[in-house]
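We call the chains A, B, C, D, E, F, G and H, going by the order they appear; numbering starts again at 1 in every chain.
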């Protein structure tokens, strides 16, 4: 492409000033196209981290994005803040469990026959993080199946669901306390497991440190870990993998 | 008992000096009888922590105890040190895996029909700690059944043994890395689980911290924890419980 | 049992569909019977962790359980929340010190001649955790004797009670700050000690870390540890042991 | 499948004993097939963690596997140990940088036109971990491209390679010290990044803690993390994803 | 100077009492002149740490300083507190983003042709700390250029500004989460980088520990670090350097 | 004193030059006299921290001090190093348990009727630290009584010695593992307790952290703490107090 | 004493029942006399830790003690709570800076010519802790001199006061942030220094950890440390020493 | 510059191929010139981190650099390794205290009248790190003055040197244990202080953590911090500042 520009200068088709502009643009494009490419190719909508932002700030950012016709999702929006926002933007959708607020042009599931993400969750206390993962993944265009309350202290509940979890293209496994669930799931499935430690617990859980360390030390091989309570990050990684996996499965 | 002594003084059966001695003895007995009682009632032999002691020191302590006719066990005796000791005391028995050296008048198993301790172990790397627990428990007079290499990443290996573990009076569960095994066992059995974290692992296991924190945060209710790599401590707690449990089971 | 089913199929007593159902049931029973067995054999009622649940949620869960005729206990229910619940369910009982709310068909003590759990507590600040342990243990059917305010800085207060603590089948020892009490008790008794560190203290106690580490490093042999502030867990372990111990003592 | 067995019993094709065996097999298969399936479907060979094992132990395990005709790889085998093993098994291959010893029937690369894993590495000190990842991934059947010494303090070295890294199906990014590289790579690519913190550094790196925490807190969205120095784990996750991705890309 | 005083005593020009006073003064001057010198030579105005002080306390301190004709700046003054203060002292200036309140006789920028400090900031969440640094530096008499929202996950945003950052006499680089930005900037510039970790993030960022450790372990050589969230300290160090640098540049 | 010098100048008794010298000396004396005074008034000999110094370095320092006729003590001198030194300086005395090497003109105990320091020690493993304290205290001129192996797990051993410990002017209490001993002693005595945590233990003792935190959180009021394994520091503090206390007791 | 009782029994002067009572009393006295002795000999009044107690609880405890004619002091009583208490007990005295509430029969200073405790304090933010120490020490009967705002960043302020600090019998040195002050003071004085770390600071001070570790690692020899923010504990240790020191100084 | 290239293409002075090369070079130059510029403008020679490299590796790297005529310095080269290297390269210079090996064309000091770096060091144990800083700074072309053994426990030693430290353009302050020295120096001087914590100490110094935290929390304003034991980093930062400062001072 640089060669073309230079040839046009040589041929007089471009003035020096024009060529300089185009080359500069090309240069910027070297990095700016990252964002553009990502949006075009992946269709990943914009994501806002809502914690520490006022309702007014969230409204103005989401409006700006929506007015461009783009989808938009805000994580960690507490109920009170969401209710304030919904007064002004009643067409936004709020998921109270997940603390997620979003707007999407059309929310159609993929056909479901090509693969799904398993969201596996140890206890009911971890639900906020699990739902943050689930809603994020659905918003980003993946199908999701929820396997909740299947913690290791009642291993049969997990085993009852093991076939369905095995069939998922990727699992997001959410657990607090001793964080043992990803190891057990990782030993039962043959696809990637994204482990999300939660801060659920008390005392020597030290705000999620116990679950985090346990997951990093998993004796199962296919487990990788994201930050404590980072349901969004778990889902984002899973959707990246699920997209590849679904294509692969379609051709099987 | 004090009253009796005083009465004898009043009756002239005891001189003041004799009474003083007996009362002093009684006083000391108030605390000294702890050790005595323990040995008499429980038959717990003496235990030596071998780490940081020379072969000569271990020999002299063990000889002294043995010469009283008492059983004696030394934990954390490395192979080289043990070999040096065995040259002088060939009738001592050394368990290389457990790093335990002991001498016992007669090592007869209990009849086995009245209960046993399950030593459950996640990986082959945890064997030293598991065997320290197993040999200690046997030395202290309990029957032991070993369930090794049943880590959570291959949960079916554990489930294949679940009935036998359930039948134990108490389980000592040894695990390093993510330390998930006690939670899974705790959810499957209805008897106490003593969890022993090990320092096995690397990186973010931080010398056993990951397993320790996981076990303290176990979502299963009947799990209590001892120090990292403390196989002896796990066994000691278990034997205390097993003794009570066996008596109970005998009468069932 | 599997054999019987198969024989009935062979004999035509069971259709293939019926056999499939029964075998599936049997399979599930492999794990589902855990819970069932536990309830039937042990009579352990349901336990709810009240922290982070609304009054409405607690009411609906407890009502559901109570309507089945089962006993139910909720830990960590703050006073305000409890008062709200008691308006709707005045027959629930609330223990304010322990922050425990429960309902039990009939709360009859065991005969008391067969053993009890000692709840030993260092300071008055640790009372909430100690009472959580005591009320839980009583609710689960054990007799309890309380030995409060016997911290190590006034060792004579502990020694005055040492005989009664020695006679307990198991001790739950609750302490914050330097967490020294379980070591001292462990050296005085010959039965298991369940140590419960509390977050009581300030500065370098780091929310209970000082007591937790001290207890894990106890120089007394028969001490195992549960999570910080986990009075319930301490009691649960103790009740498991006490049940076995009482049976054993009955036959003495 | 259970239905078929039962029908054969009904039809007299199977005796009760034969059916019991098959059903038991089926039952075990419920969990045992995990391992079997994994090997058959994924072709994942056996992996041995060599640290803490003697040369003799490694030889006997590897021989056993090799004699079944299976491929086998041992990580963390120090040079001296490897040389000892190679005397007995000169057909094993040892990669000194990666500290990996392996045997593989035939080591043919995939055609290379369908995708590859990028192994990205910050500094020359991280080479051991990066090569552990690279050799593992190749052994497990993926193509690998190495991008070494592209740390963030000389960002142009990374940018010079950005297109090739973008084209990878997944990146394994290895870094010690401040662990910044995965964030920068994660911002430049649109495929998953597996971050591997290393213990390289000194002082306040606390054996890899600095890199680990940095990676868990990555501001780039598609980054997940494995344990410190766990090059093998990074590769294992990447191969799982690469297999799906390659299938997907083949059909593009 | 001591010699002069002594001579005057010898000459009778000073009484013993007077000489004693002067020598004592001289002695005190040995240390007291530090503060005086600093103010005279550096023109560094007084700084107040506003956190934990009441509005009334801040008013009285600032008034006292202002009445001497000296400039004064208070950091960490929350909005409510500032509004209360401004009622009484409407001529104070409050910067809401920086949480800084100040009064300055005349706020004239240096001519700008002799150098400036670059304040570089990773994300919008770090703005408070970055602005604390920027406003402090301006108040202390340096020119400042702000480069905000140039975090490493979108490296092109940073690279677009690299020439202007290179031309700064010193950079203050503010970042939370993985704290990678100072390493990247340190690799691109040849002047000192003062790194300011922020507590922005959640989970395993542990209130800024992740960014702090990352910055201390920077693989770029010219990076030094101040306390978490210490925008003021970063600016203070930078102004010290900028003053020297500007003098140097003036003569180039 | 300054006044006298000035008067002599006025009187012509001192030249200006002489006075200047004396005042300068006085000035330096302002700080230098600290060391001098300390030696003169307290008779504290020089102390050398032997760890990390070669035998040759220790010899040359000790010789220099000894040649001035001053006493000298070196802590943390391992046995091999000491033997090397003793070849050259056979009149030095080496205490192998304490790892202390010293030379003292005359080592006479104080009369013993005026007070002593109690060195109280939990276990035999803590002996090195306890003896470092004991030998240091004796070397610095205090009488010492040793109370060893009186750990809290056998509380009667401590109680048997309680009167003698109470009579000490100050106690140095040395303990590793759970570090409970200072709290118990602090509750029994009415004089200061200097607590010395040791690194003795394993696993969750984290090189002495458990004992250190326990001692800092002591529920007994008169306990202060020095660094882990710092027997010397414990003794130094105790000797300071003992000197005052003995004077006080003499007059009782 | 025991002998006397026994003789009286022999002589018929005491009945068995009376002797039993007296011996029991004597026995209890073995530990109970601790408290009694302490009060009688030391005149240490009762101390209440006010944090976490209600106003009503504090009133009832203080009233009970006061009604016995004993002095009483409560630490960590917040202003609001104190005001509530003072409505009922207007003769209590509240020190707002120290958060201390007390009642004392007669608060007369000792004559001041026999010694005093120096309370040395780094910054104005540490005042609460310093005053807790100062008021406690005065309440316990020692004279106190305050040396505030003499932090190490303005070392001349400390040096101006060095003689007066040297003359103290013992120093309580209070500092947050880098906790350097005790080391500097310890190098200037020849009497014991009790170091009190405070939680004052932010970021990497980690709630007082930085000051605590610095003080434990002091390079000055005569420094011992109490818990973070424990001004009371610092004073208590100092008063114990001051009492001995004053007696000693009286006789000089 | 780009404009010039384009004009030459337009004028036919450059072929398209030549222009493309030059623009590519220019592009690369966008980042590559960093290194080049740095070397040309700053004269910073190459630095090698010697730890973990073999003697052979160090020889080959240093030879390569030296053969280009460039200066070269290797830090952290232990004595044995250095001696091995010096056999092959006797013209290299080894500083044993600093563990630094270097080669420099001509090592001429700057004239000394234009400024110098003060290397300030707390104790003799910190010498290795201090000398690493001093030798590095000299190698990079700055004058250095050493102020060693001026730790805060003998504050007069520091104060005796305060004027000379104040006159330095920048101070590198090296301290282990409590890390107090940078705060004291920072309060005495008005130029930047680079603080280097060392791992010197034991027990609760936790390999330098105590000094590191203390320095990050310095109450003096002009202090910034580098990694533990990073004498090289401290010097590098100081040289950057010293160069600017010397230029500035030359014109005063």
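The rule is simple: a residue touches a chain if its C-beta (ideal position, glycine included) is under 8 Å from a C-beta of that chain, and two chains touch if they have at least 3 such contacts.
Computed from a prediction, not measured in an experiment: that's the story for all the values here.
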item	value
Chain pair with more C-beta contacts, F-G versus C-G	F-G
Candidate from G-H, C-G or A-B with the same interface as A-C, over half of contact pairs in common	C-G
Centre-to-centre distance between chain H and chain A (centres being mean Cα positions), rounded to whole Å	44
Averaged-CA centre spacing for the pair chain C and chain B, given as whole angstrom	24
Chain E and chain G: spacing of chain centres that average the CA atoms, whole Å	40
CA centroid of chain C to CA centroid of chain F, Å	49
Multi-partner residues of chain C (at least 2 other chains)	31, 34, 154-155, 159, 187-188, 203-205, 209, 212, 216-217, 221, 227-228
Chain H-touching residues of chain D, taken from the complex the two chains share	125, 154-156, 159-160, 202-205
In the complex, chain G residues that touch chain F	31, 34, 37-38, 41-42, 47, 159, 162, 169, 187-188, 190-192, 194, 212, 216-217, 221-228, 232-233, 236-237, 240-241, 243-248, 250-252
Touching residues on chain B, where the partner in the complex is chain A	122-123, 151-155, 159, 177-180, 183-184, 186-188, 201, 203-206, 209-211, 213-221
List of chain D residues in touch with chain C within their complex	2-3, 6-7, 9-10, 16, 19-20, 23-24, 27
Partner chain H, residues of chain F touching it in the complex	28, 30-32, 34-35, 49, 51-52, 197, 199, 207-209, 212, 227-230
